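In what comes next, chain A is part of two complexes: it sits with chain B in the first one and with chain C in the second one.
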Partner chain A sequence: MTVAKRRIRSSGKDTLVEVFGTLLCVLFALFCFLPLWVALVASFSNESAVIRDGYGLWINQWDLTSYKLIFDGTDTVLNAYGVTILTTVCGAALTVVLTAMLAYPITVQSLKYRNAIAYFAYATMVFSGGLVPTYIMMVRFLHLKNNLLVLIIPGALNAYNMFLMRNFFATLPASLAESAKIDGASDILIFFKIILPLSKPILATIALFASMGYWNEWYKVLLYIEEPQLYTLQYLIMRLQQQVDFLTSSLNPAARQALSFVSIPTVGIRLATAMISIGPIVLLYPLLQRYFIKGLLIGSVKG
Partner chain B sequence: MKSTRKKSLVLICLLLALCLLLGCAQTSSGPQESATSGETQTDQEQPDNGTESTGKPEQVTLEFMAFAPETNFNDFDKVLEAVYEKTDDILNIRIHYTFTTIGEIGQKVSLKIASGEQLDLCFVAPWTNPTLNQMVSKEMLLNLDSYFDSPEYPALGKLFDEEYLRNNSFADASGEYHVYAVPFGQSFVNGNCLYYRLDLAKKYGIGEIKTLEQLTQFYDAIVENEPGMMPLCMNAGETVVALFGDVLKPLQTENHNYATINSVGVVVGEDGKAYAAKTWIPNMDTTYYSMLDEELQAQDPLYAYTVAREWYQKGYVTDDCLTQSDHEGQFVAGRAASFKRAVDTYNSINARLVSSVQGAELGCLPLEPGAYYDTPLAAGSDFKTWNFAGIPTTSEYADRTMGFLNWLFESKENHDLMELGIEGVHWEAVGEDYYKIPEGVDPAKNYNFYGYLLTWNPNYVRYLDTTPEFIVDLYKKYADTSFIYKKVEAGFSFMTDPVKSEQALMNDLTSLGTPLGNGMVEDIPGEIERIQAQYDAAGFQTIVAEVERQFNEFLLENPYEGQ
Partner chain C sequence: MAQVQAKTIGPPLGKSKKKRHALWREIVRNRYLYLLTLPGIAYFIVFNYLPMVGLYLAFVDYSPVAPAFGLGSPFVGLSNFRFFFMTDTWIKVTINTLYLNALFISTGLLVSVTLALALNEMTLRLVKRLAQTFMFLPNFISWTVISVLAIAIFSTDGGLLNTMALRLGGQTVAYYQEPGVWPAILVILRLWKGAGFGTVIYLATISGIDQGIYEAATIDGASRFGKIWHITLPLLKTTTCMLLIMDVGKIFYGDFGMIYALVGDNALLRSTTDVIDTFVYRAMRVNNEIGMSAAVGFFQSVIGFVMVVCANAAVRWMDPESSLF
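After this line comes the complex of A and B, so read on.
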C-alpha cells in the first residue's frame, strides 16, 4: 500500500517569520559589506577627490595611482605575497600534521603518561616565558633570525588546537583502533590509514584556523625578520599603518614635533594595500565555508 | 620482533638526547660570529692583504639601527658604497643599517641589547618607548664624554661644543649628567608657523598677514565669504591656547624666569629657588603669578582662554577639531584656510597645495615670539634636540663607530655625502648654503635619507634653493644661539621614576583641557576647577612637589642667570 505523500503546508505566520528573518540577515550582511565596499571604491578613486568630497558609494574620479605606486619600483608587494602564501601553505600543513600527531596518542588508553603530556601542553596555555626570553631563545639558541622558518615552525603547535583535536579523536570509537590492532596493524598505520581519514572535519577546521593565523602574521616579522625579502603582506600594511598612527597620534606631541617634516602616507595607498592583502582570503573563503561550518558543529550532536 | 622495536625506540631516544646536548654546546660561539661574518650587505671584495703592511685597521661590519618609512631609503646602498670608497684607507668599515618602524624602534633596540646581539649605533630619543632617560637609568647606553674631549676625535669636539653637549646630557641613576647619545638637530626652536592661503588673503584685501589683527580679519573674511571652509584646522590635541599663547601675550619681557616642566609650571624667585604652581594652569596660582615680572602680572592670567572663546564663537574654530587627524591634508585639498606646522615643511606643503588647488599660494606667519616680534632673545630654547644616536654598552666597536662619526663631521663634503647623497647624482650645490635637485631627477625616487637619524648639525645646513628667502632667514635665526635665550630649564631632565604611578594616571588625562583650550566651553572658571579636581585625584600635587624638589637640586648646580 502506498502512502500518499503529504506536503506540510506552512502557515502564513511561518512565511512572515521566514521573510522577516531573511530580510534581517540580508540587511546585516549589507552592513558588514558596506565598509569594505566603501574602502574598495576609495582605493580606486582620486586622492584629492576623496579628501574633498569624502567617502562615497560610487567612484567619482577613477584613478589607479595608488595601485601603481604600490606595485611600482620595488617588487616588495609581490615578494610579500609569495612569502605569505608559502608560509601559509607550509604552516597550515605542518600545523595539521603536528597537532594531530600530538593529539591522537593522548586519546589512546594504553599510553602510560598521556595525562602528564596533556598537562604539560595545558601549562603552555597558562604560562609563558615573556618576550625577552622568547627572543633570546629564537635568536641566540635556535639561530632563527632572518630565516623563513621562524614564520613557520614556532606557530605550528598550539595547545588550544591540540585540545580541539583531542576532543574530536575522543569521539571516535576505541573499538576501531582495537580491532585494527588485533589484525596486526602498527600504531602508525592505524593513525594514518584509519583515524585521519575519519577526521576530515576537524583537520579542515584546524587547517583553516591555522591558515588564518599564518596569513595574518606580522608580529614575528617585526621581531625576527630584517631582510626585506622575507616580509609578509600584513607586516607591510601594519608598517604603513603604524607610521600613520604614530605621526598623527595626539599622545606624542614631542614626536610630532621631532618628525614634523615627514609626510604622512596617503589614504589611497593605505586602502589599496589593505585591498590587496585581503583579496585572496575574501575570494577563497566561500569555497572553504562548508568545512568551516562542519567544523564548528563538531561534537554538538552525539552518535 | 618486539625486542627489535624496543631497541630501535631506545636508539631513537638516545639520538634525540644527543641532539639536545649538541644544541646546548653551540651557544658559546653563536651570535657574534654569525653577525660579523655573514652579514655584509654590499658585495665588497674582502681585502685579502689584511692589516699587515698598510697599517689600516681590520675590516669590521658595524650594525646600525634606525627607522625608515619603507624598508630602505632610495639609493642608500649606492651612497654607502661611495662612503666606503672614501674611507677604506682610514676607517675600513662596512655599515649594515637595519630599518624598522617608528613605533617599534625603542622596543627593538632594547630587545637587541637585552639579547646581546651585535648593535653598534642605535637611534634613541626622549620620545621613544622606552625613552632615552629610561635606557640610561638601566645602563644600556655607553658614556660618551671621553670621545668629545679627545685629540683622536677632533671633529667631534669642534662641532659639538661644550654648551650644546651640556644641554643634551642625561642623568644616570646616581644623578650625574653625562653625554649618553650624540644629539642631532638643525635648529633649537620648533619654528611653528601658521600656514595660510595667501591667495585668499589677497582676494579679500588683506595681503600678507603679519599680525594677529590681520589674521582675525582674514578669518572673518573666510567665515563670511567661504562657507564650508574651515578658517583654522587643528589636529586632535592641538589647542588655540597652545598655538597662539605666546603671541597673544601683548608684552614680551626681558626676564624669562618661568618654565613648564612635565606639564607643571615652575618659576624661579629672586632667591634663586624654584616654586612649582599648584594649579594646572600656572597663571591661576597666585604665588606663582606674583613671582613673574611685573609687566606680566598686569595682564589677565586667562588672556589666552578668553581669546580662544571669542574665536570659537566667531566660528574660526570648528567642532571637528577634536577628531581631526590630518590637518595638512584638509589644507592642501582646499577645505581649510590655515593650519599650523613647523617651518621646515614649507617646501613640501607648497608643492602639495599648488598641485592640488588651482591658483593657490602659500603664506606663512611665524608663531615663535622671536620671529613674530622680530626681536632677539624673545624665543627660548632648552637647546635639546629630539633625536639622538647612542652606543649600547654591549657594543665591541664603540671606537670604530665614533671614528666613523668623526669622519662624518670632519668636513661639509663628508657630511653632505651622507645627508644629501652623491653630489651631481642626487643633488647639486648652489653656493655654500643651498642645493638643488639636478635636472631630470624624479624627486620621488631621489635619495631621501632622514638627516635626523645620523647627520643633522647646526653648523652644516643646506637649504633647497626653491625655499623663499624669508623662510631661510627664519631657519637661520632658529639655529643662531645669540637670537635665542636659554630657557631656565635647559639641561634639566625630569626623572619620572619616583612618581611613576601618578604619572601614568596623569598621562590618561592629557586631553581634558582640549575643549577648554579651543574655547568650546562656556563656563571657563567652572571648567578649570573641574579639571583641577580630576588632576588632583590622579596625584597631581605629588608630581608638583617632586618637580619642585628635583628642579631645586638642579638649580643648585646650574643657577638661573637672569636670562
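After this line comes the complex of A and C, so read on.
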C-alpha cells in the first residue's frame, strides 16, 4: 500500500520534471529560431509595411525588391559571394592538407623527434605575438595587403585541429603502415594511399570546421583588404551596417531608374544579404551538425 | 631533444660527432616523414613564431621606414607601457574584458548545463531532436549576421522591441546610445549563439554515464529529480571544471569578432563594451599608435600566457586523461 502510494506520488513529480524540461527546451529552441525566422520573413516583405506594422511572423506584403536589387541591381553582392566561395574552398582544402601532413608524422612511433615537433606546435596554442606584430608581418614582410591570399593562407593551420587529427591517426593500427613499409612503400605513399583514405571522417570534420571559419571571415578583410572587389560576404554585411549607401552607390542605371519612384529598402538589403549568406549554412546544416558533434567528441575524449 | 641539440651545437668532441651522425642518420632514415612536416613547421615559424619576435616592438619607437620589422627603430624601454598605464583607459578596458568574460562564462555554464539536463529528461524523441537542432544552429551564424538581427531587434526606429513597446503604450529606448544595457544584450546574444554548443558537450557527457547507476537508484526508489541532483550533476563536475578552467585561461582575451561586429566604432557604448582587443585594434588602425598598441598586446600576451599555462596545469592536475595535449 505505502509502496504503491509512493510510486504514484513520485511518478507525478517525475512527470513534472519532464514537462518542465520539455518546456524549457522548446522555449530555448524557439528563442534560437525566431530571430532568424523573423529576419527571413522581413527580407521578403515590403519595407514600408514592416516599418509601419513592425516585424511579424508572417509576410503580410510580399516584396522581392531587396533580392532583386542585390542580384540584378549591382554586382557587389554576387562578387562578394564569389570571393567567399573561392576562399572557403581553397582555404578548407589547404587546411586539411597542411593539418594532415603535420599530424601524421608525429603519430609514427619510429620518428625520433615527433615529441619535439608536437611541443613546437603546442607552443603556438599558449603564446602568440598578438595583433600588432602579426599585422606588420603580413603587411610589411609578406606584402599580403589587398591580396586574396591573405584570406586563405593565414589561419589555415592551427595546433588545435592538428592535435584533433593526430588523435584520430593514433587510433589507426600501426601495423598497417609497418607492413606496407616492409612491402617497400615509402612513407609518403603510405600517407596518401593508406592513411588518408582511412581517415575520411576526421578529414570531413576538419574540412567543415575550416569551411565555417572561412565562410564567416570578415576580421582579416577589415585588417588587410581595402579593395571592394575583394570583400567577402560577411565583411560586405559589416559595411552595409555602417553605410548603406555603400551598396546603393554601386547600383546600375537600370536599377536606379526602377527605384526612383520607390524608396530604397535599406534594412531590407541588409537582411536579404544576411539571409543569402546563411543560406548555404542552413542547406548544409544536417552535415554540419553531425560532423561537428563528432569532432567535438573526438576533441573532448583524449586520444 | 633540447639537450641533444645543445650538444650537437657545442664544441666538437668525439662523442658529439657521433651524436651528429645519429641526428643525420635519423633525418635520412625518416626523410619522407620529415618532408611531410616541413610545410607545417615553416607555416608555424612564419605565422606564429616570427610575430612573437615582433613583441619587441613594444619596446621601440616604431618607425615604418626602419628596417627589419621595426627592430631597427630606437629602443625606448618602457615608455610605450607608461603611455598606456598612465591613463585610466587601461583599467577600464581590462575591467570590461574580465567582467564581460566572467558574465559569458557563468551564464553560458548555467544555461548549457540546465538545457543539457532538460534535454536528457525528454522522452518525446522528435521534439527532443528538433529542439536540439534549433539550439545548435546559431553556432554557425557569424557575428556580422547576428549584428543585422540585433539592429532589427534593438534599433530605435522600427526595431522589434521599440515597436512593441510603443504598441503597448511604453517608451522607446535608444539601445544603441545606452551603454548600461549592453552587458545584458551581449550576454543574451552570446547565449543565443553559444549555449547550444555547450549543451552538446554536456549532453554527450551525460549520455556517457553508466546507465546501471540510474537503474540501481530507481530500484532504491529515487525520484527523477533526485537522480539528477545526486547522480548526474556530481558526475558532470569534471567536465564542468575542465571547461571552466579552459575558459578562465582565456579570460584576458576579449572577443573582438563579437564586440566589433555588434558595436563597431560606436563611441557612445565604449564605457561598457570596450575590451583590450578592440582597444588595441583602435590604437593601431585608427590612431596609428603602433608602439602603444604593441605594448598593450605584449601585456595581454604575457598575462594570457600565464593564465593559459596555469589553466592547463590545473586541468592536468585534476585529470591527466583529459588535457588535449
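To be clear about the criterion, the second predicted complex is superposed on the first by the 221 of 303 C-alpha atoms of A that agree within 3 Å, B and C clash if a C-alpha of one lies under 4 Å from a C-alpha of the other, contacts with A are read in each partner's own complex, and residues count from 1 in each chain.
Assume contacts are C-beta pairs under 8 Å (C-beta built on N, C-alpha and C of every residue); 3 or more make two chains touch, one makes a residue touch a chain.
Model, not experiment: these values are computed from the prediction.
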Return first, second, both or neither, reflecting whether A:S48 touches chain B, chain C, both chains, or no partner chain. first
Would you check which partner chain A:K68 touches, where first means chain B only, second means chain C only, and both and neither mean what they say? neither
Under the stated touch criterion, which partner chain does A:L131 make contact with: chain B (first), chain C (second), both, or neither? both
Looking only at chain A, is it chain B or chain C that touches more of its residues? C
With both complexes overlaid on chain A, does A:R290 touch chain B (first), chain C (second), both or neither? neither
After superposition on the shared chain, which partner residues are touched by A:P228: those of chain B (first), chain C (second), both, or neither? first
Does the superposition put A:K193 against chain B (first), chain C (second), both, or neither? neither
Of the residues on chain A, which ones does chain B touch that chain C also touches? 51, 131-132, 135-136, 140-141, 222-223, 242, 267
Sort out for me which residues of chain A touch chain B in the complex. 48, 51-52, 73-74, 76, 131-132, 135-136, 139-141, 143, 222-223, 226, 228, 231, 239, 242-243, 245-248, 250-255, 257-265, 267
In the complex, chain C touches chain A at residues 1-2, 26, 30, 32-37, 39-41, 43-44, 46-55, 57, 64, 69-70, 111, 114-115, 117-124, 127-128, 130-145, 147-149, 151-153, 157-158, 160, 163-164, 167, 192, 195-197, 200-201, 204-205, 221, 223-225, 228, 239, 256-257, 260-261, 264-265, 277, 280-281, 284-285, 290, 293-294, 297-298, 300-301, 304-305, 308-309, 312, 321-325
Chain A - residues contacting chain C, complex: 6, 10, 13-14, 17-18, 20-22, 24-26, 28-33, 35-36, 38-39, 42, 50-51, 54-55, 98-99, 101-102, 104-106, 108, 110-113, 115-122, 124-137, 140-142, 153-154, 156-157, 160, 162-163, 186-188, 191, 212, 215-216, 218-219, 222-223, 234-235, 237-238, 241-242, 267, 270-271, 273-274, 277-278, 281-282, 285, 288-289, 292-293, 296-297, 299-300, 302
Under the stated contact criterion, what part of chain B meets chain A in this complex? 23, 27, 30-31, 34, 69-72, 98, 100-104, 108, 111, 114-117, 125-127, 190, 235-238, 325-326, 328-330, 332-335, 341-342, 344-345, 348, 356, 386-387, 445, 450, 452, 507, 510-511
